[in-house]
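You will see chain A twice below: alongside chain B first, and alongside chain C after that.
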Partner chain A sequence: MSVAETDANADAQRPSDMPVALAETPLRRFLSDYFASWIATLALALLLLIACLALLAPLLAPQNPYNLAEVDILDSRLPPGSMGMAGYRYWLGTDGAGRDLVSAILYGLRISLMVGAVSCLIATVIGATVGLTAAYAGGRTESLLMRLVDLQLSLPAILIALMLIAVLGKGVDKVIIALVTVQWAYYARTVRGTALAELNKEYVEAARCLGFSHPRIMFKQILPNCLPPLIVVATIQAAHAIALEATLSFLGVGLPRTEPSLGLLISNGFEYMLSGKYWISFIPGVVLLITVMAINLVGDQLRDVLNPRLKR
Partner chain B sequence: MTAYLLRRLMQTILVIVLMSVIVFFGVHVIGDPVWLLVNPQMDQRDIDAAVRALGLDRPIWEQYLHFVSGALRGDLGRSFIFGEPALGVILQRMPATLELAVAALVMAVVVGIPLGLYAGLKPDHPLSKAIMAGSIVGFSLPTFWVGLMLIMVFAVMLGWLPSTGRGPTATFLGVTSSMFTIEGLRHLLLPALNLALLKISLVIRLTRAGARESMQQDYIKFARAKGLTHSRIVRVHLLKNILIPVVTVLGLEFGNLIAFSVVTETIFAWPGMGKLLIGAIQTLDRPVIVAHLIVIVLLFVVINLVVDILYTVLDPRVRVVGQAR
Partner chain C sequence: MTVGTAPASPLRPTLEVVDLKTYFHTRAGVVKAVDGVSFALAPGEVLGLVGESGCGKSMTGFSIIGLIDPPGRVVSGAVLFGSSNLVGMPEEELRALRGNRISMIFQDPMMTLNPVLRVDTQMIEAVQAHRDCSRSAALGLARDALAQMGISAPEQRLRCYPHELSGGMRQRVAIAIAFINKPDLVIADEPTTALDVTIQAQILHEAQELCRRNGTAMIWITHDLAVVSSLADRVAVMYAGMIVEQGRASEVIRAPLHPYTKGLLGSVPSANRPGARLAQIPGMMPSSLDPAPGCRFLGRCSRAAAECSTMPALTTPIPGREVRCWRPLTAGQQS
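Then we have the complex of A and B:
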């Protein structure tokens, strides 16, 4: 979701760069506010680059690291920059099974981002629906739903995730379920807070007078006005989801070996670290770090730009 | 206050019951632990005997009732792997985990408050900006990766500190801990730092925000007008007011530290509860998983309860609101 959105933003940015004074629209104001910070601009560019690398991994990677015919075990644990048996250079070295780390990281990035984005999307949908329903219905429904949210948020994410994994077992779908369960409450709380404020506005009253159905008022009238804080939360939570998935995979209770995310690559390299072969863990870790930090920086800037209290 | 306490207690009990149901049924519906435990060469009669011995042939609700009645007597079942009472196995490892969490908490306070105070008092100084940038990095760094890097730098490259395990323990004032031996401290330093890093960033941000806000307040202006020295204003007047939110948040974070020690313990082979849980998940040692989660949830809600009460005691303004509720 965030990928498509940032793509659209990058396209729409061009007109605002033109020297000609254009009529100020909310989008243009948003863009010029966003790009006022060079760190945030850099982070967004980096994020787009990472997303492209992940999407195009099969085209860009020198080898398919999970095709055994292309991997040579004799090349295992080579330091960065070594020449391999197949005649090309391993710029980032190879791991314990002789896979080229550049390729392994590109494929790993793909899985990490996919799991993060999918869980984030599902959590957004569930959380927004719950939050909207709570705000709109009020009364007992609201207090029940919000009690559930409080309960969820009072326990640490990793504990809930581990509990679920212990119950459900390993697998991509199980990890996504765990991540969604951990995250939906943040969205629910955010959307409810915003929706409560929106409910008192005239346009909602007008929609009611027009006899619109409840779902229509909730999703077509109120929800679009709750989007700014929702987007901010979604960005920050996407970073959390990616980090949490990596942590679970590192602990050996996340993704299975057949779906090697960045966390699993780092975990694979752990056993070689004590013998000084640092790159097998270190480099995937740096990639993970850059990804998470870029998302966090974009989220921080979005929060500042979209926060009505900080409007200039 | 009493009514508030009672209500909080009821909520706490409800949470624990709910968790025990979810965890127990979840763990028992999925996966059949018999096949992990019996020897594949055993014949059907031996397997049946093993199933009966473990109580796995009963209907699931009966197993749950048996579990609850046991739990109330402090018996959470026997570990399939260790053959010992699950609660005993966990309690044995609890001191190591608590030690790690306490050490991390102390580090967070000792490092975080001075840095946060500096960044709050001199917001434009380059060093303050560096501190804040550092805290952003601290938030973004995945705990497990930092652990690996600490091992790489301090244990492998520099060889200063040991990378795995817990050092020898000594008993001081009735507390047995590895904090009281030099070798124990050497073992403790890296894992505690790893666990503390996120909390240090948190404390820096909280302290800085508190300092910046409080410096604008009238009581600070008044203290200045009285002619007090800057250091006295900071130490006595400012710090006391900043400490309330920091103490509260840190109290709540203590439970988080215990939960997150799972990661640190796995990396540093620290013989605590977290490492036990990961092992139990991988071997499907159901009694240990269930008992561990119950113990953690118990620990967690008790911490939340205590912090809530402490908060109302510490800050008179909250007490009024607490009574009104």
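Then we have the complex of A and C:
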């Protein structure tokens, strides 16, 4: 045993001067991997810019498009760059009601992003819980929950959303409910798949041997290991949610006309498309495109960085 | 050095396993993974459970802690721990014992630590799962537990993720977690198999110290007789789901009674016969699937006789020694 004791002493002295790998935290490695691609960096910067614009819309917008007193009907359908009656220039033109498009887009972004983010968050929570429960419980519970997911995914998203809105009525909250209903199943399926793989790992067995309760094992041990794919799906689904909300608004069943989102702006200008007043639909459409594309690019890069199989 | 330091159990045993049987009901038939295992453990005592792969030693450990997954089931027997029988105990009560009064250490420390949680998070979890305790108090316990396992700079180690630690360090963390709630019983399932010999020696020493100090009984499951000789007070040799020999570690290793124990000892590479062909036990361990009624070692035993086709009972030829053999080795045949 004396050999072991001297070894133990040697071991006790060595690690104190051995640099602990603090510089290489998972977060730092993740960040350096992420910013390795300039497209992804650009997309993230663009996304942050869009988010800031949306958040600060009341400060940045030259006019409050919801305040009818500020909107002049005589300024309607002015092309980009025209001077308005109120004495400022409409850089992106005006829509059919005389609203400044810059202001309308900023306020529209605000609603589109908010609806996308909130519905994505709620759907993530519901989907992750269902998926984790299905994987952990197994047996009949799993079959029941996953058949429900299959059923949900076999119906066209837009159809379910339309039906729900028809039943629930219009409004921001109703749209969010519809989006969550359409999307939770994607998260459930993703999390279940990952959790099933994690369940076979020994740390779960070890957690059981430590007498952890089932919720503790599920949410504190397994869920953190399921986060990488969940984050990727959440990003892509947030983009889908924004696009779907725009579709619903375009169809006239989404948000009320008093709170125009990007989809509603596109729909507002649709009737003027063929009379040459393209900007009313076109510019909000481009903004929607850029927003969804930026989110998707960020999501793609997250998927590449978080997927251990694609490690360079 | 291990002999004589074990407390001479004035108290009742920490653990008493009585005729434990764990069977797996598969489509191919019944696999008798653990078939009538009995032993007792005094507080602070270390039992080495030895045997080759697939002999049921790990299954014995999992049966005690009540974590046999279907199609496996503990079909009969009792596991007396304190004043209660763990066999048939409600899951909630068992869960309260696990990690608190009974804990387990596994072979591969990379796999048993959660890869995405820091060491401190995992240790605090282990404490808070079993008692109401503030984060800072739990962190203090974690720091002490790491220091006891001979980890220097525990503060720094606590902030590490498992992948930032070496294999030996990770296993020390896993053992520290197992001991953090001062359990009465620790089941260690080949915890040093994946480590190199010097680290293994240190970890054995530290685990032994912890057991002595806290009065923790320990079952050390291993296939390595060298480990048993330096660590265990008593040893139980398992073969095909049954204990074939049991006794004080030093005595069993010096003078084995069962031909299988002798075969195991003979197949340890020895430094004083370099270049010599390694002795091995001919044949393979029989499948535990519907075993034949006779002695399980029959097919590989050089001493087999007619009576060996019926199962021998566990006998006590010498006080403190048990052997399951019709024709145990006598003094002249033991080396």
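Everything that follows uses one rule, which is that the second predicted complex is superposed on the first by the 290 of 312 C-alpha atoms of A that agree within 3 Å, B and C clash if a C-alpha of one lies under 4 Å from a C-alpha of the other, contacts with A are read in each partner's own complex, and residues count from 1 in each chain.
Note that contacts are C-beta pairs under 8 Å (C-beta built on N, C-alpha and C of every residue); 3 or more make two chains touch, one makes a residue touch a chain.
Predicted model, so just to flag it, every value in this text is computed and none were measured.
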item: Touched partner set for A:Pro26, first chain B, second chain C, both or neither; value: second
item: Which of chain B and chain C A:Ala36 touches, first, second, both or neither; value: neither
item: Touched partner set for A:Ala206, first chain B, second chain C, both or neither; value: second
item: First, second, both or neither for A:Leu144, with chain B first and chain C second; value: neither
item: Which of chain B and chain C A:Asn225 touches, first, second, both or neither; value: second
item: Complex contacts: residues of chain C adjacent to chain A; value: 1, 65, 67, 94-100, 103-104, 106, 108, 111-117, 125-126, 129-130, 150-153, 156-157, 159-161, 164, 168-169, 174, 177, 198-199, 201-202, 204-206, 230
item: Of chain A, residues touching chain B in the complex; value: 151, 154-156, 158-159, 162-169, 239, 243, 246-247, 250-253, 263, 266, 270, 273-274, 276, 278, 281-282, 285, 288-289, 292-293, 296-297
item: Chain A residues touching chain C - in the complex, by the definition given at the top; value: 1, 3-5, 7-8, 11-16, 20-22, 24-26, 201-203, 205-213, 216, 220-221, 224-225, 227
item: For the chain B and chain A complex, residues of the former touching the latter; value: 15, 18, 22-23, 26-27, 29-31, 136-137, 139-145, 148-149, 151-152, 155-157, 163, 255-256, 259-260, 262-263, 266-267, 277-278, 280-282, 289, 293, 296-297, 300-301, 304
